[in-house]
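First comes the structure, then the notes that go with it.
A, B, C and D label the chains in the order they appear, each numbered from 1.
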Amino acid sequence: MRGLPPVLITAIVLVLGFALCAVQFPNIASTRVVGNLLTDNAFLGIVAVGMTFVIISGGIDLSVGSVIGFTTVFVALAIERWGVPPLVAFVLILVLSAAFGAAMGAVIHVFDLPPFIVTLAGMFLARGASFLLSTESVPITAPVYSTVSDFALRMPGGGRLTAIAIIMLVIVIGGALLLHLTRFGANVYALGGSRTTASLMGVAVGKMTVKIYMLSSLLAGIAGIVFSFYTSAGYSLSAVGVELDSIAAVVIGGTLLTGGQGSVIGTFLGVLIQGMIQTYINFDGTLSSWWTKIATGVLLFAFIALQQGLVALARRPVAKSAGAAT
Amino acid sequence: MTALLPRRGLAQILALIVILAVDRVVSPQFFDLRLQDGRLFGSLIDVLNRGTPVALLSLGMVLVIATRGIDLSVGAVMAISGAIAASLADSHGLPVVLAASLGAGLVCGLWNGFLVAVLGMQPIVATLILMVAGRGIAQLITEGRIVTFASPGLVWLGNGSILGLPVPVAIALGMLILTGAVVRGSALGLLIEATGGNARASELAGVGTRAMILSVYVWCGVCAALAGVIAAADIMGADANNAGLWLELDAILAVVIGGTSLFGGRFSLVLAVLGALIIQTMNTGILLSGYPPEFNLLVKAVVVMAVLLLQSPKLSGFAGIMARLRRAKP
Amino acid sequence: AELTVGFSQIGSESGWRAAETSVSKQEAAKRKVNLKIADAQQKQENQIKAIRSFIAQNVDAIFLAPVVSTGWDSVLKEAKEAKIPVVLLDRDIDPSGKELYLTAVTSDSVHEGEVAGDWLAKTVGAKACNVVELQGTVGASVAANRKKGFDTAIAKHANLKVVRSQTGDFTRAKGKEVMESFIKAEGGGKNICAVYAHNDDMMVGAIQAMKEAGLKPGKDILTVSIDAVPDIFKAMVAGEANATVELTPNMAGPALDAVAAFKEKGTVPPKWIQTESRLLTATDNPQKEYDSKKGLGY
Amino acid sequence: MENSASLLEVRGISKSFGAVRALQEVDFTLRAGEIHALLGENGAGKSTLIKVVTGVFPRDAGIVRLGGDEVAPRSAKAALQAGIATVYQEVNLLPNLSVAQNLFLDRQPMRFGIVREGEMRRRAKALLADFGLDIDVSAPLGNYSVAIQHVTAIARAVDLSARVLILDEPTASLDRHEVEILFRIMRQLAKRGIGIVFVSHFLDQVYEISDRITVLRNGRLVGERETASLPRIELIRMMLGRELAETTSARAAAREHESRKVCASFENYGKSGYVAPFNLELRHREVVGLAGLLGSGRTETARLVFGAERADRGQARVEGTPVRLQSPRDGVRHGFGYCPEERKTDGIVAELTVRENIVLALQAKRGLHRPLPRREQDEIARRYVRMLDIRPPDPERPVGLLSGGNQQKVLLARWLATSPRLLVLDEPTRGIDVGAHAEIIRLIRELCDDGLALLVISSELDEIVTYSDRVVVLRDRAHVEELAGETIDVGNILAAIAADSVAVALEAHT
């Protein structure tokens, strides 16, 4: 199975980290904290799934944070000010964000421009558009919101598996299936291997590029809706910097930024590792703003170094299979 | 007719001219210059002066990107060096202050280079570590305060003038010439381009690719540190919380607008600096225009896309458009 | 027993914020309260995470300096379920969440803008006056409120007009850059009669820009800003700044007292403990203000 | 076969890249059921013609008819759908995907929108079995040697070819045995009525397999002939536009062995899991050939000798002095040079110009502080462009835009420019046209006479026999035999390669 060993290693790193944290703060080892970890990182997990596709295909999408921000504002205004029923608002925003991603993908392909820059422009655009919609934060009072926010499966030990956590888990599983079991997924890897070669082998590179960025923006839209559930509000400055968090999660999860390798499950573990770091720092609670940043950096380094070390260890020199059998 | 014009850089120059023209439209006094206390004064000078930090960053960034890397930590390094400069300014002489803050940039660059070249981490995550932690270090130095200083030497670096030009602009020009001389005067330029173009092949050709990668990150760190010192000198204080915030994106943008590919290889220092100027010309234009700030990002997005499309290989810039027109005729 | 209080702080985006953090620590130490501060790095999601982890740790009270006014309902409900009182510091949240917190210790940022506007109107008198405005970060509620208050105050005076308004992101560097362009756009500064900045840091940058343009801030151009950080008093002493509206960094003191009273005697504090928005000008002994504030971690 | 209908008709195709006119009014006709060789020098335009036909490059002029209907595929996918399957010269497959995925990319067996992994693997195994390959098809393709990758690419194209199969230098990295298998399959396909275009620089193979030959020169059509009625000399004249004294496979006169000083020696040198420890002496004025099957460890030996791979045992000496070869830099410092076999990934820096690629190793050797002045660079570049006949003779052209064979020459020039004492050449003539092939072999001999020590790897045993003074034979990543002097001939080498299965070797030889 492609990408499994690094994923296992990432999982080991996560469990190890969790155990270490639990030794220091026994409270961490509770379903409550685990539930929180899933809920608090739900939107990050969802965008990171989309980012995984983009990065494996050899691209990058810097616009996701802004798309989340835009989505929250749009949804809030649609429901609260324009009187659109919530479900219709969701459909509208998902169509809108998918179209936005498709447009970025098309520009990247047609004009042969670097994704980094095109999506950077997309990031400015989406954030700018949300400022235009509203610079104030808009509370959402629709009953769906309180129903969804209050919904949770109780786990033994008082933990709550919330609706948004469930949405995230479903998307992670769906993403993994899409990436690893479908033709679309294989083509994503193919693009990451080499766009030229993939094209010579008959992959419709242009269509794929459009679809991949569309998927990423669509998931960012869903993440935006989840974020609006999470905060019951729309705010133009929400989710600033999420693009970097999700890229970090994807990379920690063992996906190569150069494309062609990686997995959705790895990304999910990467998200959890980042959540762990955050939780640890919150539990510690003695860190000043600057020590928080330094500790985040150090822990990020420690996790990546540990993981790379383990991967290097695991990569035993395997004799290459010999040539033709005669 | 294309033979008369430089092939590279045409799109950038064109873009700059167009944006300058737009600036002139939104602000009729854009090209006014006058002498004020022995120093030129006017919007054009503002463009140069405000563009300096990003121009300096892009000088380092362009080399990093040429090796197929990226450095997200430059904003944080600016904050660190600014913090160090500000805390030492009133108790030490200018040489010590500069040595300490540029030294800090060098150490930061070494760290990034070590992670990328020796540990083999992917540049974007390797430098993300310092991007996060570095600002923390800067805040640790200032303890979250804005550390102000009055040392005339350092203040002069930010606000003085040489031959009518603001000192930061002179410094940036000097750094451009210095970097150009080092990179193109030695074999560094060729070896960096080879490393970025095909690291495996270059390694096999005997190029010390690790040393190349290490050195570009170090230089990037030093450039960022210098930008940080200038940014601190400009406001006579180190604002560790905000100095250089998100400037890494502007620097990367400048490099790309300057025509250097994010996939490494060929690079141009002058065009990267030109890219920084294009961005600043746009920013200054936005400020002068009087539009409500809610529009800032939208305008930025549109201009960036326009500039990029102008140099898209598919349209192959201006020349491509001309060729198309010519072909369409018969 | 010793109280443990979790404080979800926004971050350290400005000198004022750093001062609030360090004053909070001092106030907690004074009262022998164990204060756990989680820094959210300007992100709401981090604040929510922090509150959740405070709940998981079963603290005695939670202080929250909300980065944005909305989106706290569900997490504050969790706190309420866990019977942990929540006190808002420095900023208020959306009215729908009223019953979810014990009290809010805040200033009124609309009022701050009004104080600034009133001062300017009074100082200018009947003379026509073009004002330029340095806004805070686009989208920040404080920025919107301070703008709103100021606008309301000067709306009564037809001679006052805001001619330019741009964001300076609450920072010195941007304040300086934006002021430079204002000066260029307004006839070298000749058409500007006053600057209003949403915080002092931007004003300090703007003052430099004016000086470099050969203008005399405080004389040629009046200045009024908000926060009362030490450096603005330095400028006042030098005659380069005219007025500032104080935003006290001591929000934790009253909050801690309210919590202690609530825990010991069950005293329910008022829903809003408003801090004073003092107007401080050059006549209010800026040197003394500077000396008293210098050590607070701004 | 004579009267079979024309399947693929190309008329008046032209294609320019900027100022370079790669194709001018080329006609080409492929009939159903024939194997048609497309020949020409390096840079003649063969690959370009193929890419224009399959829609990878847009064409400037001309038409393409497939089975009588005009077609204008605008992408490789469209060409595939029209029934034209192609193995392109340079880009093969995707090393990050599994072998099975590579074989079935974009046409995987599906059920309910889900790829049937098991079924796909089964089919992949069956497909490769036709080529005598039994490998783990779920492993990433990149884990396998170039040869296996190439076979996979061919297998994919064969499986895809509905009407036309185009093979651009498919045999460049195959050994005799695999070439045999390929030819067998090509004949089967032709019998089924599929038209096959075959590009190769191996004239023996062309005569063995093709029915008809089309020759291009400088982007123009020279002519189309029946293979059977075209004498070899005549074919070469068509390709080169001049006579060529055909290289004989006769050995060069044996040179004095004693007079040669040892240049570099390796004692018990090796790396575990890579190559078994070996002893090797390389002398000035001497060519040592490395022979063996694919995967026998020739490239690995070369990399160890050059320093591209670190040995974990043994001692290396240069001119008698013990040295440590830790990195390519060490190799370069000691005056070694190495032309790797995978020129695209390990050799050229595509974006840089011919000049820059040529001076790269020399500059790396001189160090940063002594940049070659531009004038000197130009001079070096011009010298080698002329000496090796690199085309187009423009030193300022990005090397990635050169044809495959010309890229190979640029690599050779890179190392010659460093005036090395030892040159390691891994498949130096791969993809090189007959003219240049003769040139390079002549060059190898000359260099050798000038005192250079050479270690040459080649899958063409004739070639090895022609220039080698000694031949080291490898099997299973170990040096198994050394032949010298009169004992060097193709038969002996084959015997050594397959010492334990002589029969196979003999069969392959015929």
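Keep this in mind: a contact is a pair of C-beta atoms (placed from the backbone, for glycine too) under 8 Å apart; a residue touches a chain by one contact, two chains touch by 3 or more.
The shown structure was predicted, so the numbers you read here are calculated from the model rather than taken from an experiment.
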Contact-richer chain pair [B-C vs A-C]: A-C
Intercentroid distance (Cα basis), chain C paired with chain B, Å: 33
Between chain C and chain A, distance of the C-alpha-averaged centres to the nearest whole Å: 34
CA centroid of chain B to CA centroid of chain D, Å: 44
Chain centre separation in whole Å, for chain D relative to chain C (CA means): 71
Touching two or more other chains - residues of chain A: 131, 135, 288-290, 292-293
Where chain B touches two or more other chains at once, by residue number: 139, 143-144, 294, 296
Topology of the chain contact graph, where touching chains are joined (line, ring, star, complete, other): other
Touch relationships between chains, expressed as pairs: A-B, A-C, A-D, B-C, B-D
Residue ranges of chain C touching chain B (in the complex, touch as defined): 11-15, 17-18, 21, 135, 138, 164-167, 169-174, 176-178, 180-182, 184-185, 187, 201, 204-205, 208, 212-214, 231, 297-298
Residue ranges of chain D in contact with chain A within the complex: 56, 75-77, 80, 86, 88, 91-98, 101-102, 105-106, 108, 110, 113-115, 117, 131-136, 139-140, 143-145, 147-148, 151, 156, 175, 177-178, 272-274, 293-295, 476, 501, 504
Residue numbers on chain C that touch chain A, as the complex places them: 6, 9, 11-12, 18, 21, 36-39, 41-46, 48-50, 52-54, 56-57, 68-74, 77, 94, 96, 137-141, 144
Touch list for chain B against partner chain A, complex: 72, 115, 119-122, 124-125, 128-140, 143-144, 249, 252-253, 256, 261-263, 294-302, 304-305, 308-309, 312-315
Of chain A, residues touching chain D in the complex: 2, 177, 181-183, 186-187, 189-190, 192-194, 196-204, 260-261, 317-326
